[in-house]
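To keep things simple, chains are lettered A, B, C, D, E and F as they appear, and every chain counts its residues starting from 1.
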Amino acid sequence: MAEGFVLMVVGMSVVFAFLGLLVGAMNLCATFFIRFAHWFPEAPAKAAQPAQKTDDCTAIAVAIAAIKARIG
Amino acid sequence: MNIIESFKSLWTETGLAGFLAAGGWGNLVMIFVGLVLIWLAIKKGFEPLLLIPIGFGGILANIPFAGIAHEGGFLYIIYHMGIASGLFPLLIFLGVGAMTDFGPLIANPKTALLGAAAQLGIFATLIGALLLSKYVPAIGFDIKDAASIGIIGGADGPTAIFLASKLSPDLLGSIAVAAYSYMALVPIIQPPIMRLLTTPEERAIEMKQLRHVSKAEKIVFPIMVLVLCILLLPSATPLIGMLMFGNLLKECGVVDRLSNTAQNELINIVTILLGLAVGSKLAAEKFLTLETLGIVLLGLGAFCIGTAGGVLLAKLMNKLCKDQINPLIGSAGVSAVPMAARVSNKVGLESNPHNFLLMHAMGPNVAGVLGSAVAAGVLLALCR
Amino acid sequence: MNIIESFKSLWTETGLAGFLAAGGWGNLVMIFVGLVLIWLAIKKGFEPLLLIPIGFGGILANIPFAGIAHEGGFLYIIYHMGIASGLFPLLIFLGVGAMTDFGPLIANPKTALLGAAAQLGIFATLIGALLLSKYVPAIGFDIKDAASIGIIGGADGPTAIFLASKLSPDLLGSIAVAAYSYMALVPIIQPPIMRLLTTPEERAIEMKQLRHVSKAEKIVFPIMVLVLCILLLPSATPLIGMLMFGNLLKECGVVDRLSNTAQNELINIVTILLGLAVGSKLAAEKFLTLETLGIVLLGLGAFCIGTAGGVLLAKLMNKLCKDQINPLIGSAGVSAVPMAARVSNKVGLESNPHNFLLMHAMGPNVAGVLGSAVAAGVLLALCR
Amino acid sequence: MAEGFVLMVVGMSVVFAFLGLLVGAMNLCATFFIRFAHWFPEAPAKAAQPAQKTDDCTAIAVAIAAIKARIG
Amino acid sequence: MNIIESFKSLWTETGLAGFLAAGGWGNLVMIFVGLVLIWLAIKKGFEPLLLIPIGFGGILANIPFAGIAHEGGFLYIIYHMGIASGLFPLLIFLGVGAMTDFGPLIANPKTALLGAAAQLGIFATLIGALLLSKYVPAIGFDIKDAASIGIIGGADGPTAIFLASKLSPDLLGSIAVAAYSYMALVPIIQPPIMRLLTTPEERAIEMKQLRHVSKAEKIVFPIMVLVLCILLLPSATPLIGMLMFGNLLKECGVVDRLSNTAQNELINIVTILLGLAVGSKLAAEKFLTLETLGIVLLGLGAFCIGTAGGVLLAKLMNKLCKDQINPLIGSAGVSAVPMAARVSNKVGLESNPHNFLLMHAMGPNVAGVLGSAVAAGVLLALCR
Amino acid sequence: MAEGFVLMVVGMSVVFAFLGLLVGAMNLCATFFIRFAHWFPEAPAKAAQPAQKTDDCTAIAVAIAAIKARIG
């Protein structure tokens, strides 16, 4: 019984502490990302893709060349 | 071996003989319970993805002489491989993470507090379970059982299964069934409480449009949550970690094949096996007791108190901040994603037909998942 | 460690050295057997989904010094995880259940009896195996071995693997290979028997159109079968239970994502692992014996007797009932879904080019799956 | 040997009993479902769907509202 | 249990307290390493499919008090189920086999030798590791460790993980991270070496069009490779066997559903679990040592020497044969499929903008996979 | 140290032996398949398919018949 109240106080405190800190962290994060939005052009994960894209273009070019060679 | 004896030997091992033997009626009743769960799932739409496997697992586990849930039986093996080890609920959380968009929460951080308040149901129910044990002689929940029952109020299946399998595996069956059933009943349980605790004016509050959340913020979010969890509460990191791993796979944009598999084939396979294994814990001698009735009542209380907690905190926040929150989204803090958020939206539309609360309610809704995982972490740390 | 010694040590562990060592020729022959199975699967279309993995597993298990099928080897691990435990055949049955439409059986219930009659092959072969043991000194099948061999006549892979892994794991490899090979040979084995036992008039019998089966009936069917199995024969409930669980997932219409995963990714993954693991039981010292030849001959007998049983019962039923059945659909009662039903259709078209028996033959065909699972349950209950 | 005959008699009896009872059960079931077909309008599993459908419509409406709000 | 004590007990188990305790800084550093790996994967495109799970696994394994990688923790369970047993790398190889087209190698067999020469990096690095142990007091690699480090030069993840988990499980984390990182860095590491060792004329060599390879040849190829491996080196048959099994599933054309599952859902599920489990071996006390620095340096050397080996053999072959090979495709022999072949193509285009080497480089590229599996087999046979 | 050189010599020998023999085997194989190309009409795996195709046609015919029967 007493244990139950202890768990409630401790538990709700930790839950509020966790999500409260998360609110703070999200606000900080939002401030940062809005302030420095120009550092993160939308679709930042695409950074690695152009390289691949060229490679794929190459691959297509290669394929076309190969087909031409086989036909011709 | 002769014919008569063989028939006799087969007869003594028929289900009919089993049901007629001492204690056999319990198995019969449990098979009926399994059929009812399947019927609720199919006809009434009660969380069918979980309750059909759980119901079927319950039937299989209660077949006399088949020993499917006893050592060497295949449900026993699945249970020990996937649930006793904690793997299945964690893999489900991985898939849930890969399916969840935390954008609405990131866009309106303070709604996270509603997801905290709604966890009140967990701890109030824990106290309720201890009270019941004290005053009802036939019920004897220890602190671990009480914690496992309380977690029903988290309204989150994998969290409840993960915690109960660690603290009170014998109650796992009834706890999981109660959790999923009440999650399905959210549209019936929550609205009266929401209406009772709010005025029509409050219910009509329109909230301002959520801001756009950039890709970068969404990638940083799971890392941030994990780091916070590591710093504050390592015992919650298996749950929070896998949820955030799934979310990172989704948001990072470079491993879509892993994210797609996590939220489709992997979660489906694990759901089938997890459901059957949870059902295998629906043993007659554990389920057909007054304790199960206690669990059912306490679970209902947990949902009600959690709902009230979320709504009341929203009203309190409206007193303290100038940025007004529609208190109806507070009820979504219990999690039960996305059902509870839909309920907020629906009740909101009754008061103001142009007031779409769905996206606003998704914030506390996903915060509630985090909140109950944190609560589970506290219980794991203190009740073991 | 010096160069010469190292080369020597490598040489003593080459496959070449292994094949030349005492008993090594057996491994060589088994690798050749594995290649033949793969060739049959690819070139002749013999159940490639199973025979390619089984053949490959057989090759891997017979590589000298690699120990892939011995303790610690990866096929040993897969075998014990999935087959010794019974999980893999049950998961295959789950997928099969999710792929099977029992509509044709529900529309014409009495064809279920044909699926019962065709199980005669199982028990006749069991007797044959015991006879062979008695009169051929080099062959020593005990009752468990005989039961496992008999189940080849069930013409159902997962059932055969499930039963043999429980009763005679050493014979599992040859039994599975025989079962799948004869299932592939159904279009060659069955037609002569069917023509021999029927008159052209019988073969031309047209059956009346199957009635429409409602969704509700299809949902109730798996539950009904399971309940019957619980009441009569708990030892068959793992097999029947998982088959019906899969079917319920399919028919209930509310968990399509689970049903789709069960009949696609899950069954594919399990098929790959099950095939390899079954192949790992193709050990030379067990396979290259007169007993294997016995199994091959007995298996052929099993298919023939099962076919005859189904056809003859159909003729008997025509004598007793006024509603006429084309006896060609009796042969489909051996299961081998859907090959045997196609054979019925094809032979029927020879006698009457407007007589499409396919859907009519699907009834005994799926009943045959139930029949052999029931037979396996009886054998499990009485031979253990 | 004798064991084999015992197994055949017992086994075939059980197989026929099982499938025979199943025939009976299916016939009963068919009678029931044909007699009370009006209780089971085709696609009974759809019962739970209209609710969802409304919700989805709501979701779409919400989405449209959101887009309008963001544009306007 | 009282409130103050409970808070104290929770505080002593926070990550904060853990990091401040003796040795806790190591965990903190490892979590930072995990974050760096994730950042490299997302922002720099370093093998994200593997490095995101590995990085996340590393974070989870280093959370104080959570014990996720210790006995009973879920990463411990996954590690023992899938990596200690060898299953996960073999299942990845199955999927890789089902995705690989050996056509370019079959069309130009002699390029296989380039894939042999590039394995020089493995053995040179092994010697380097032994040298380092001899002359640097803080580093103590035994022969097994040296072999595991050498295999980084194989530029093939599953092979490296398979070998390291058998010979030096403690180094598995750093070896896997080094292997995948350098595979991602191939476009930066290889070109300078390739340019240094070749003249512009050599780089401009045009190779004649590859011949068409028939379906039958592609089906026979995996069988042929397996048979050769059985005859010569049984210790390599688990790796080569599963690779060829996957390839047979792909090429035989009759089991497309198995092939598709092997190269999609199965490999995705296993990749997630394998990555997490490998990450769980990033324990601070093993990783934050001078030995890890040694592994990083040796790994770089391995890639450089392997690249050089391939290029130099190509030049030698040009001296001996009349059919000229562009030596740039030699570097693709290290494997790192398909990155290294793309690098060959790109460097080739610099010297001759009409010279597409991609398909020609795929020959040594896939041969390199076989070569490093063979090298792993030799190391397994001689170092155990 | 010495062990390292031993492993290098043995290892590289085995790697070259393996891939060298594979080159030989592939050349033999190529000779065989080019010489006897007419035994292997392209798409040899399709051998088993015509049977199925007929069956499927049958199945379609059956289905059409069934529909006709149900309509008529």
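One rule holds in what follows: contacts are C-beta pairs under 8 Å (C-beta built on N, C-alpha and C of every residue); 3 or more make two chains touch, one makes a residue touch a chain.
Since the model is a prediction, treat every value here as computed from it, not as a measurement.
The minimum number of touch steps linking subunit D to subunit F comes to 2.
Using the mean of the Cα atoms as each chain's centre, the chain most removed from subunit F is B. With every chain reduced to the mean of its CA atoms, the largest distance from subunit E is reached by D. Mean C-alpha positions place subunit C and subunit D at a centre distance of 27 Å. Taking each chain's centre as the mean of its C-alpha atoms, subunit D lies 49 Å from subunit E.
With centres taken as mean Cα positions, subunit E sits 26 Å from subunit A. Residue positions of subunit C touching 2 or more other chains: 1, 6, 10, 42, 45, 219, 232-233, 252-254, 265, 378, 382.
Annotation for subunit A: residues 3, 7, 10, 14, 44-45, 48 touch two or more other chains.
In this structure, the chains touch in the following pairs: A-B, A-E, B-C, B-D, B-E, C-D, C-E, C-F, E-F. Those residues of subunit E that touch subunit B in the shared complex are 1, 6, 9-10, 13-16, 18, 31, 35, 38, 41-42, 45, 48-49, 52-53, 56, 59-60, 63-66, 68, 73-74, 77-78, 264-265, 268-269, 271-272, 276. Here subunit E touches subunit C in the complex through residues 85-87, 90, 94, 219, 223, 226, 230-235, 237-238, 241, 245, 248-249, 252-255, 257-258, 260-262, 265-266, 378, 381-382, going by the rule given at the top. Listing the residues of subunit D that touch subunit B in their complex gives 2-3, 6-7, 9-10, 13-14, 44-45, 47-49, 51-52, 55, 58-59, 61-62, 65-66, 69-70.
Within the complex formed with subunit F, the residues of subunit E that make contact are 105-106, 109-110, 112-113, 115-117, 119-120, 122-124, 126-127, 129-131, 134, 143, 146-147, 214-217, 219-221, 224-225, 228-229, 232-233, 252-254, 367, 370-371, 374-375, 377-379, 382-383. Interface residues of subunit A facing subunit B in the complex, by the touch rule stated above, are 1, 3-5, 7-8, 10-12, 14-23, 25-27, 29-30, 33, 37, 40, 42-46, 48.
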